[in-house]
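Dropping the structures in below, format is structure tokens.
What follows is a pair of complexes built around subunit A, which joins subunit B in one and subunit C in the other.
== the complex of A and B ==
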């Protein structure tokens, strides 16, 4: 049994109470499912003095559908999200990604907000205290040197949430509550390319909900299909070595819309660039190989897992090719 | 920083004063003495600590006990009735689903959740339900046979219970 620090637990039933309780104990953390945070606490990476448990807040537990959008509460579990028929109908990649997170028992309590705010991961960081101490720690926590890129001052720990790339395909927005009230911003703006500080949340802010507009006014009139796939070490339960979400519309045998988002290969999930170049193309072998190559060059994985970076770059490209082919 | 925790464990209602930082698995093993639930890893990777909370499987090593206020917890210790093994316990016995046995409590509780939601699962459903539980001995074949056996005899056991 590893270390559990003394902590005070708060269990508020409203977002406003949660924010004010957190404000009164700034060294605390919000806790939802805990499948990421409690592991990190036990390993001494996180040492909060209090926890604000958000799963008893009704507003954060609901998925609500209106004629033009779906709102997903931050504390909706991954099982609920993956099994929601409205989400599966309009945002197939989101439901698939939620169903690919970890194993079935984790999805019972792991939440979508937790998956979006997952700490970045690295083979030199997600280790026990004695392992990290014996290795002089690392740049991300307590150390001076990045063992992935010694000499550099940038942390490359990889963002490893599965749901974020799928939501990025659909321009999802996140609703944030904090000491200064509520605000909304594009999900893409929640992240920055820094493994040490990858979330743009300000102190005391809480991800309350995700809003995704239905694609009734898509760029083309063709229906958009989407899918998510990931490569991992243990097929039954693991973080992505590379995760790829694809949304594509095809009309008359030609691509009319293409979006691809990646996770697991850099400190932030991101939409791949240059996908508009494929609009008007037929989905032949040459086109699919070009998609693969374009993704491979943008998946700049570093040595943050036990699997070598070149494999993760190649597998990201291959997954994109496979998903695009499956949608055609 | 202590809290009064009121919940039900294996059918018994309890009120305990526990520290806020206590994990559910420590509460079950250390405070109540229900040592059937095992701790295999330190990070939700092995599934040996799986218990049922309100009929759903959950890692007790990644659950703070104070968040289980009012919940109905079930562990492997509570499955047998009147000295009769449950269908799954019989299945793991008959089909040699346990070798070293350390993963078995988690396997049985994850399977129990499956059979309650889906009494006649096919092999894919069983494999899927046990995806978060790791076994280093059996290669899983005997475990899957054990769950299939349990699904087949579950009705029989229910009849026995009615007759007795």
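== the complex of A and C ==
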């Protein structure tokens, strides 16, 4: 591990203080669990002069439930999120995804906000300063070329958070605080398809909370069934080679609702297109294979991990097939 | 404590599960590892590494770094007196690159500074001018006709080409009922021991003396290479081995970081702490080479193996290291497990622009064993034979000498097979596992130390000193490196058992060159066998001294003294003398008792056949292992779950069953990583995998229950009959796993690691083939 540079750390107890402290030190960064940021600082990818620690802000630490929605504070830990019964009841995929992040010790201090704002990852980027310098850096940071797709001008570093696709199933919204006050927007709008700059946050903005409305199936008031699964070489620690969240409802043997979201295969998490085509279909083997194939074509993984993209595309489809089969 | 009770019996220490003697320090965090040594005056040592895979060094300018306030020393190859290496015939490495760099990350210069920020700033100020050269990252590229030689003295980039042709292979193939071939590729793997490399070096400028604490398995080799590199007298260097966080072969040779710490300390005329990052530890490498194996086996219808013909190409990396030994082992160790006589082998160890490989647990044997055990499993299937039956058709009978003249004095493979078959309920479960589930098995073996040392000096293989003074405690002095494997515990057990005293009487002091006798170090599973025997010898000498003293005091003849460990007496009616009383008597007129014990191998174990490299594989005793692996494969994702492993290991007498079980489980587990997930990957020679995320060591989630059956086919020369326990059951995991996958899914994996992407390709190919044959029909 490389050495940690000296930094000033602030520990505000309100969102407003956090935003103003950050405003006073524009080269600073918000710090929550630190499991992503501190590693990147040690590697010289990030070089902030100060850190604004947000886990002491009560508003950001709470999960609150009302009759029609749940609000999750940005600094709620992944362990807390995965163990929350209301979340598990209404948004099973969200609880599962939170429980699948990295390993138990990461989940103990890693937060949902941190997981949603995770930097994109690439095997040519998540390396030491010496390594990246020896490789002439890359498009994402300090360099001119992309080693994944030399000749291109687009960065393919993959978004690798587990929780985002699960929240996308439920049209979650994020609440953002910044120098100009607070705003809300769909979670999907937090992201853009650019590995270099995948978050739409403006300078100094902080993800305060996630609001997610309880979703029922189109034919009953029951919570919609959902599940999350990720592919990884090891059953712990690893980021997703591909992560798949599925929400599905079935009535009379036929699909009435189907949504599938992906992570780990492109610079942003996204809802797969064309899932409405399956409404009214019976969940037979042919249907499941068609779901698999449709997901496969949308999972455009590139060589951003040591596992070949060929597998990551195929396994994304396979996981969608497997999860859909399990909900049937 | 003197008594005449009839039930006095010597304390038993052998065959009893014993916690490791250094356990309390480790479990309480008090154990000091190399990186734990710290002092106010210690400087931070950091290393400048080559960004290029292959380049001439035109110029190094360190003047700006030297001028930076807070920098106390900058060293380059100019500070090195000589090259270094582990094999006397292949010392072609320098602590800091001289004239040319040959892999990305090779050390070029190093600095010692008052803090890490200054040290890093100083590295950035060192100017190196390189002239880039063509670089070769595969064995094939390095062997191409027009490839530039990495080392002038190694034309064609061949570190060593070896071959032998024993028995009559052509006749054996002609006599076979079935001949099959396999083409196997195994990725390069690293040990990933828990503790990254580190060294703490103190230079005494007044006396011109160096004291160093390196994280090493071989303090003696480090000592020799420090004196050679630094141009110092051996006697001016003191090497103290601290606690070690594992080795598995990554530290069985001197590492640059050990030498650089010494060079920096001398130049700074002070104390320097060099602690490598995990990335730097990966760059230092010394793991198992990427190998390409082609193997052909002939078999009779009853499973008898008639001939084996195979070749191995190893990508060795940029320097020699242990390379010659590794490629020789890859050939010679085909013998010793089964009764095979006709074998032809061709091996190439190739130099490439990647970090140097080394001696990894199961040195040289693992990939050859993988190829062989997978191939004969498929042949068994084709012949309608049970995998156990085909192994049983080829058993050795000890004592015997193999066709390449390896001594086999004890042989428990038959018992290992029986245990693994029964424990896994193989007979009733094999073939009835249901969809996507399978059982596979395989066998393996390993040496109990190489019979011929690398540095032939005429000294015994092992020397132990025992000291007893007025406090009646026994101090055991050994140079053998305790690296977490339990060697200090085994020595204490051997001495306690021989004397019949409780182990709490014994204090082990290991590996301080100023205090302990020389030892070659902890590698090739030599310590229990050789140092254990030396410990017994020393304890017997001590016992003779004590018995003589007891006889004097009891006024009886020494042969009439009954030594019961804590009590020495003339007979049951005799009240006897306590151990303490005997010691007091022994000290009279003599002072502190010091005795020595030694061990030497016998010439019959040296390998006498007259062909090049014939001595490699020679050992006093082989361990044997057989294991069964049960798997489930996810048909969607092709992920493999290892449900359970049953492993039998013949270690001769199990001196410490608790430690044996741990070693066998560790071996299986390490084999599992290599079989399923671990591999290095390079981008033009840059390590893509140099962290714990991208180099995928299994986690506890992947770890199956591992049931261990200890088989005790005692060896006549082993300490109390003991043999190797820490390596032999690694290599059989790999083929047992792929054999289980073959059983579950009907596909043969020949490329390791068998990650889900590779298995999915095999499954999809099989599905395509079935479809195609369906269409054809």
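Definition applied: the second predicted complex is superposed on the first by the 319 of 328 C-alpha atoms of A that agree within 3 Å, B and C clash if a C-alpha of one lies under 4 Å from a C-alpha of the other, contacts with A are read in each partner's own complex, and residues count from 1 in each chain.
One rule holds for everything that comes next: contacts are C-beta pairs under 8 Å (C-beta built on N, C-alpha and C of every residue); 3 or more make two chains touch, one makes a residue touch a chain.
Remember, it's a predicted structure, so these values are computed and weren't measured experimentally.
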First, second, both or neither for A:24, with subunit B first and subunit C second: neither
Subunit B versus subunit C as contact partner of A:237, first or second or both or neither: both
Partner chain in contact with A:308 - subunit B first, subunit C second, else both or neither: second
A:103 touches, of subunit B and subunit C: first, second, both or neither? both
Partner chain in contact with A:7 - subunit B first, subunit C second, else both or neither: first
Which of subunit B and subunit C A:185 touches, first, second, both or neither: neither
Subunit B versus subunit C as contact partner of A:38, first or second or both or neither: first
Which superposed partner A:128 touches (first subunit B, second subunit C, both, neither): both
On subunit A, positions contacted by subunit B and by subunit C: 1-2, 5, 103, 128, 236-237
Footprint of subunit B on subunit A - complex, ascending: 1-2, 4-9, 11, 31, 34-35, 38-39, 42-43, 51, 53, 55, 102-106, 108-109, 128, 236-237
Residue ranges of subunit B touching subunit A (in the complex, touch as defined): 1, 3, 19-23, 26, 39, 42-45, 47, 50, 56-59, 62-64, 66-67, 69, 110, 128-129, 131-133
Contact set on subunit C toward subunit A in their complex: 49, 51-52, 104, 116-117, 120, 277-279, 636-637, 639, 677, 681, 683, 686-694, 696, 698-702, 755-757, 760
Residue ranges of subunit A in contact with subunit C within the complex: 1-3, 5, 103, 123-124, 126-128, 130-131, 133-135, 147, 231, 233-239, 305-308, 310-311, 314-315, 318-319, 321-322
